[in-house]
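One structure, pasted below without further comment.
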Amino acid sequence: MRFDLMRRATQWILLAILSMGVQATAIARGPVVQALVGATLIDGTGRPPIEDASLVIADGRITAIGRRPDVKVPSGAHVVDLHGKYLMPGMLDANVHLFFGVTIDALIRYDDRYEDVIAEAAQVALKNGVTTVFDTWGPRQELTRVRGQIAAGQRQGSRIFLGGNIIGLTGPTSTDFYNYRTLLGKAEADRIDARWEQGAGPELLWLTPDNVRERIRAYIRSGHVDFLKYASSGHAQEQFIAFSEAAQKAIVDEGHRAGLTVQAHSTSPESLRLEIEAGADLLQHCDATGLAEMPEPTLTLIAEHKIPCAALFETQKHLAWVLAQDGEQSDGYRSAHIKHENDRRLVAAGAMLLMTTDAGVLPADIKEVPKFSAAVSGDDLPIEMGQGHFRWLEAASELGMKPMDALEAATINTARAYHQSAEVGSLEVGKRADVLVLSADPLADPDNYRRIERVMKDGQFVDIQSLPNPRVLTKP
Amino acid sequence: MRFDLMRRATQWILLAILSMGVQATAIARGPVVQALVGATLIDGTGRPPIEDASLVIADGRITAIGRRPDVKVPSGAHVVDLHGKYLMPGMLDANVHLFFGVTIDALIRYDDRYEDVIAEAAQVALKNGVTTVFDTWGPRQELTRVRGQIAAGQRQGSRIFLGGNIIGLTGPTSTDFYNYRTLLGKAEADRIDARWEQGAGPELLWLTPDNVRERIRAYIRSGHVDFLKYASSGHAQEQFIAFSEAAQKAIVDEGHRAGLTVQAHSTSPESLRLEIEAGADLLQHCDATGLAEMPEPTLTLIAEHKIPCAALFETQKHLAWVLAQDGEQSDGYRSAHIKHENDRRLVAAGAMLLMTTDAGVLPADIKEVPKFSAAVSGDDLPIEMGQGHFRWLEAASELGMKPMDALEAATINTARAYHQSAEVGSLEVGKRADVLVLSADPLADPDNYRRIERVMKDGQFVDIQSLPNPRVLTKP
Amino acid sequence: MRFDLMRRATQWILLAILSMGVQATAIARGPVVQALVGATLIDGTGRPPIEDASLVIADGRITAIGRRPDVKVPSGAHVVDLHGKYLMPGMLDANVHLFFGVTIDALIRYDDRYEDVIAEAAQVALKNGVTTVFDTWGPRQELTRVRGQIAAGQRQGSRIFLGGNIIGLTGPTSTDFYNYRTLLGKAEADRIDARWEQGAGPELLWLTPDNVRERIRAYIRSGHVDFLKYASSGHAQEQFIAFSEAAQKAIVDEGHRAGLTVQAHSTSPESLRLEIEAGADLLQHCDATGLAEMPEPTLTLIAEHKIPCAALFETQKHLAWVLAQDGEQSDGYRSAHIKHENDRRLVAAGAMLLMTTDAGVLPADIKEVPKFSAAVSGDDLPIEMGQGHFRWLEAASELGMKPMDALEAATINTARAYHQSAEVGSLEVGKRADVLVLSADPLADPDNYRRIERVMKDGQFVDIQSLPNPRVLTKP
Amino acid sequence: MRFDLMRRATQWILLAILSMGVQATAIARGPVVQALVGATLIDGTGRPPIEDASLVIADGRITAIGRRPDVKVPSGAHVVDLHGKYLMPGMLDANVHLFFGVTIDALIRYDDRYEDVIAEAAQVALKNGVTTVFDTWGPRQELTRVRGQIAAGQRQGSRIFLGGNIIGLTGPTSTDFYNYRTLLGKAEADRIDARWEQGAGPELLWLTPDNVRERIRAYIRSGHVDFLKYASSGHAQEQFIAFSEAAQKAIVDEGHRAGLTVQAHSTSPESLRLEIEAGADLLQHCDATGLAEMPEPTLTLIAEHKIPCAALFETQKHLAWVLAQDGEQSDGYRSAHIKHENDRRLVAAGAMLLMTTDAGVLPADIKEVPKFSAAVSGDDLPIEMGQGHFRWLEAASELGMKPMDALEAATINTARAYHQSAEVGSLEVGKRADVLVLSADPLADPDNYRRIERVMKDGQFVDIQSLPNPRVLTKP
């Protein structure tokens, strides 16, 4: 069993300091001290909203917060009057793929522009109020570089934390994903996949737990991942188990030794159970249990121990489309329906839920690509970067989640799950000033999350109209 | 852990008696007492050959055996002079598929003749000296009926023991096997697959270990399987694990409760380790560990505990063909090469090896079917029913197996592994008289196994020239 | 150029007499003389309906017709009172495929039951008022046998005229049709296709016009086709031309020498023009000109010379479904739209149009077969045997065709085009008594064609409730 | 009928002068006057070789030629002593594809580098002695630009004449070619194909001859093609006819009006006959008649009228590989064998044959691409740019062609067929100085064509060691 991660706190603080060092250079462009005054402020911690609030920011961080009469604005501060507006923390998406790499066209055409594609996606996220993203499967080197460029203020974009590969799975060309191997030279396909796999790909599934451990150690050493994600189940073959329980424990242990949170990808009841047994810190799409509902004991375990559970909520409208498209007896609809029921049960049980979308920026013409057109033509598609999180919040409301709980799922919960709550996820003194200015109350109607007027990240208002820039996949 | 199956002995004896009852009706056609005299007799137990031996048979069973001077032939016995010949037990193949069902043509065309196809395969086996086969994946109802018909003497053919489905896997139409689902109506494809799955198909992979246990219990109750086989790994997706260790233990336990041996299908080091941990009685293609060699601790465990290991030996000639076809860097050749090395290590370590072929009768025109032509056009194809076991014995010799050990692998080892050694697998008093008459010494040259002159089963010489009859798949 | 077929009249009469001989045996079961009295009778020739009519039938043929007061009913005749009903000739479908052979399942499963499948389709047609069908692509031997069985009264069913193969095209397994060659042995696939091709398949496309002529002569000699159909264009590759003009002329000439009408399959403006130049007697789906509209000179030629034009009318509802499914820019919708416009122009120009459906009985589960489900799930599918012709008549109305013209298209026009108007296609003295009894006036509303109460063929009322029997493809 | 092209001579001279103007800038780098002395010179016209010859070149053209004693070398000329060597004209390949565009990887990856790929191929050709190529299907704009760059001396490479699209066929993404449309957005696939089609693609097959004529006129006007090529037959569907005879005549006529030679693509006896009837000036792969041999009348016509016939000779070694790969009954081998027999008959009949290869530079890793590996792995592959023409010459020898005839097929015949013999194709006074220096006699052994020591184009020795540069597809 798992659940006391406190022992790793020191390591985390150290890591946070180090990463702050990297990002510090980014914070010197706007006014040094600002005060946002007059708005209704929802701080993301679950506390009641503060009406007519003041939020003081210096050097990119929050220095004071409270009701306006109670907060002294430093002289010389740039004061922004936001009467009638609503402030909330920038959102966090627990699961994105900044380079989705889904079409063969995108994989090849942008072979030397992966960084631009990644930055574009980070900007689409930022523009829509997601100030921090956790990339859980992507080309590691390029993600690492864009993470650094954004942290250093060289590129605009959502703050990136990255896991690299889903350990044990492949890059995009295999049958596990998009099946392009018949059309590419082996060396070429291997080269593409290696950008994802980075030595932690499917070859690990053949190894003993001891050997898996060695490979994980090398994987962590060789790169700069912020967390680990491994495959508890297969990807295309959802009902199969990827790593044995012993191997999963080795992976979790190695991640923890390195001070990293470890999450798992599961798509069946047993793979979900195994990853909990193995001590995973975060259950990625915990609600996806395929053709069988989540077993009650597993649900209870998740709920009682508050294991962070990143659930892929879908709106009724999306479900209705799946039903119309695939039919009631189809595996596609059945699993979507079961997932929806799992979501309802998780909400009712008071699980610690994280907003997660699996989203990426899809090529502009993907609906015209016969291979994908059926899959991406649905209403309220959850995986559309920049829109998926709004749909998640609508679905949360439909599922009976309380407005404040949903807001926490979109903010502080994910920060906590990834051990980043000292930095982001709420509006509290000392934290980074990632702030959304909305024109309507998100607690009143989930649709109001879309009414973003301004986005502040690290204390700077972002020129969201100009994003993304340059356009790569979003170019019409 | 596993290894003490003795506690189930009583149940097995009971079962053996019951199945003898079924088969008793078949034994009344030839001369009641026969004596095969003058041949060199290899009894299959590892004892040295007996020259100028006498073998007395009454009512289908062996009643006396020994050097001719030492054995009294009952008066009135039909004496067959076999000077210059060699006698050995009928062979056992630990893994066949009497209905291979590989082409869509065969699946549909013989929809109502599965029993004929099964009997044909059992006859091809018998004709080539395999008097007992263990069918490890096939349409259960039809196999059960043909098993009964052969036992009752209504059909000619090799004695059948059957496992039904590989629990957790599908029938033939899915992507796990031959991928015909895009061409068939769902209900139709489901109906075909159900003939294999019989309620123990892929839906079990979604269940909790407790629920799997219930389903296994129902599966055993509903049918007449002789043993269980379950998936420790996937089929097409060889590196993935099928059932979790907990589920595997539940399956093994339920099998043992019902007095059945339980074997597992594995294709990777971890799935092999898991099935051993779960207590499987027989490791089906234990040597197939994919792209990583068998870990030394696993090898040691198998060898020291004499866990029955059914290994898919391949000849050098076949390997050379795979190399020429696929290239040295191909996954196909790499895994074949690793398997070959595993085989060499298993032989050297003195593991308890069983002759196994995975063979079936392929449709006569399969080399003309583009989907399959490359796969079945190789030299020394192991999966060709009636030939595969001879190739196994040649490969055994190439791998350095001692002639007597190889003969035991083809006879007594499999009988013991399946708990059938009280009945078959050697020439010993009290056992069924399954006897091969060869024109040359199989211990001198593995090629001599092919020199079968006569085949006796249950004390009756079989008219092997007339087999198979009728011809279905083998019809030119 | 073409158009004087009169010189072949003698041959045709001879042929008609011969085929009557075959069918004579069928006509001896019901009452010898019947009189249908009191109904409104539409005779199919374009003359105004006769109210309160009498129709007298003896030995399967019409012996008298007229207003009741004017017709003397022979004493002893069986009189059927049909006041309030409507009588019209049995309909003729100018283009059906009694064995559609579309799924690999049907092709293989019914390998030895093609005749039952054909008879079933002929019964579905008959039950729905189509008393004569022209099969334009199918397995010749089996069609010939069923044609004979129906003519001899041994099987129930619509009267069959058959063309065998579309000369120059393949049977069903090739890429031109359903593309099953990767899954079948070559000899097997060849054998299936040969049932269609009968020596007049794609190999003819490689030949010189002289050699094509020889092959056509042999094709006609070897079998019992009632007419010829050849490919002016490809099937899957619609814009390509199959036979050159010189080869087309050779085919038409050989058909005419043998006293057969010759029709052509075209799917583009040029292939349509070529077949007219070559002298084809009937233009099969003349309205299908792909991505370009029918050229005005071609339209004029067709209209002025009254070349029989079998047009695949589609309802607005069907077109709307194609639009929704494929999109406005798709080739699928564009060609359907252009065809629709051609149809409108042909109607307006007063072309001699024939009701044609290309229909067959589809396997009951075809909507569940992924390969076909999209194609056969549309509203108002024209190719559904038993329904397609009703939809054609609705579409005719939508296209502005006058009710009487539409009725003639469904009856006498096709009889004339196939040189069968001495026998069928109208209610006139001397002709076969193929009569439909409707409960409402088909000239008032095309939907009334569906209100078939009774179907008489060759003077016998058919027990339509019992059809089809046996059920093969229509078995649920 | 056709064959008197003399009337277009004036136009051609005009065109030649214009294109010389373009190329004039390229000719000013080496020594102005050179004399190659001492070699045995084969001039390409069929005259006997001249031993100890002198060849004088000034301003890129040949100014004198003859036996050394007979030729006065201008004072100041740069004299190159070539005793023991053999001189012959630079070769011409009647059919290449400088941008083959076969893999989806190449199509996308080099989307903005088509010109580099084209230049690379032109350099591979030049390096191997092919100084002039005729590109018969490729991206027109890019080919036009590279043609100009080479003519202007801005790029090295074989002299290019280009036809643009095969009129009536598609670019590379359709099922007619490489079938990538399921993987690409429609607009994207259309955009790629449009680079080939340029308004003369498959949509022309839907049109009337008059409309085709208009489109051809616009196609000629809009671009700078050097000749026309149209589809008399389909590409993937080899037995179908593309344009009707009337449309073919319209195309040929429009080409001739514009002073262009017009060639046709045919793959069957009838499409070959039609293009001859239509007056095509050059029969591209005239020997490819699919599954039926070339009819004798067609052969006679070709031979007697000396219609330029570009034949795809293959070596015995290549044929043997096709036989081993596909089997004797395969369509692949049968058509290759028939083509080979046609070649033998064409040679025996004394047809005017042109060396043609259909060659392109294939991506370095193409043998590793499963979709193509079987097709490109054969011995003596004819379509390999830089090697295919050597193999053609070996095959010519095997087919019984006289050495001098083969050399003419590789030089003057193609120049004449394309109406370029005033400029290239032989070593005669006034022509461009395209000269190969061989170390052994090509008339003695076809293998000696490979012994190229130096290549001169337009009077300049090329640094063949440095080619191609830059490497794109040939990069290892």
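Residue numbering begins at 1 within each chain, and the chains themselves are lettered A, B, C and D in the order written.
Everything below uses one rule, namely that a residue touches a chain if its C-beta (ideal position, glycine included) is under 8 Å from a C-beta of that chain, and two chains touch if they have at least 3 such contacts.
Small disclaimer: the values here were computed from a predicted structure and weren't measured.
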item: Chain at maximum distance from subunit B, centres defined as averaged CA atoms; value: D
item: Rounded Å distance between subunit C and subunit D, as computed from the means of their C-alpha atoms; value: 51
item: For subunit A paired with subunit C, centre-to-centre distance based on mean C-alpha positions, whole Å; value: 61
item: Interchain centroid distance [CA atoms averaged], subunit A/subunit D, Å; value: 56
item: Shared-contact residues (touching 2 or more other chains) in subunit C; value: 186
item: Topology of the chain contact graph, where touching chains are joined (line, ring, star, complete, other); value: ring
item: Chain-to-chain touches, reported pairwise for every pair that qualifies; value: A-B, A-D, B-C, C-D
item: Subunit A-touching residues of subunit B, taken from the complex the two chains share; value: 186, 202-203, 205-209, 234, 237, 239-247, 268-270, 273-274, 289-292, 295, 329
item: Subunit D partner contacts - residues on subunit A that touch it in the complex; value: 103-105, 108-109, 111, 180-188, 363, 365-366, 368-371
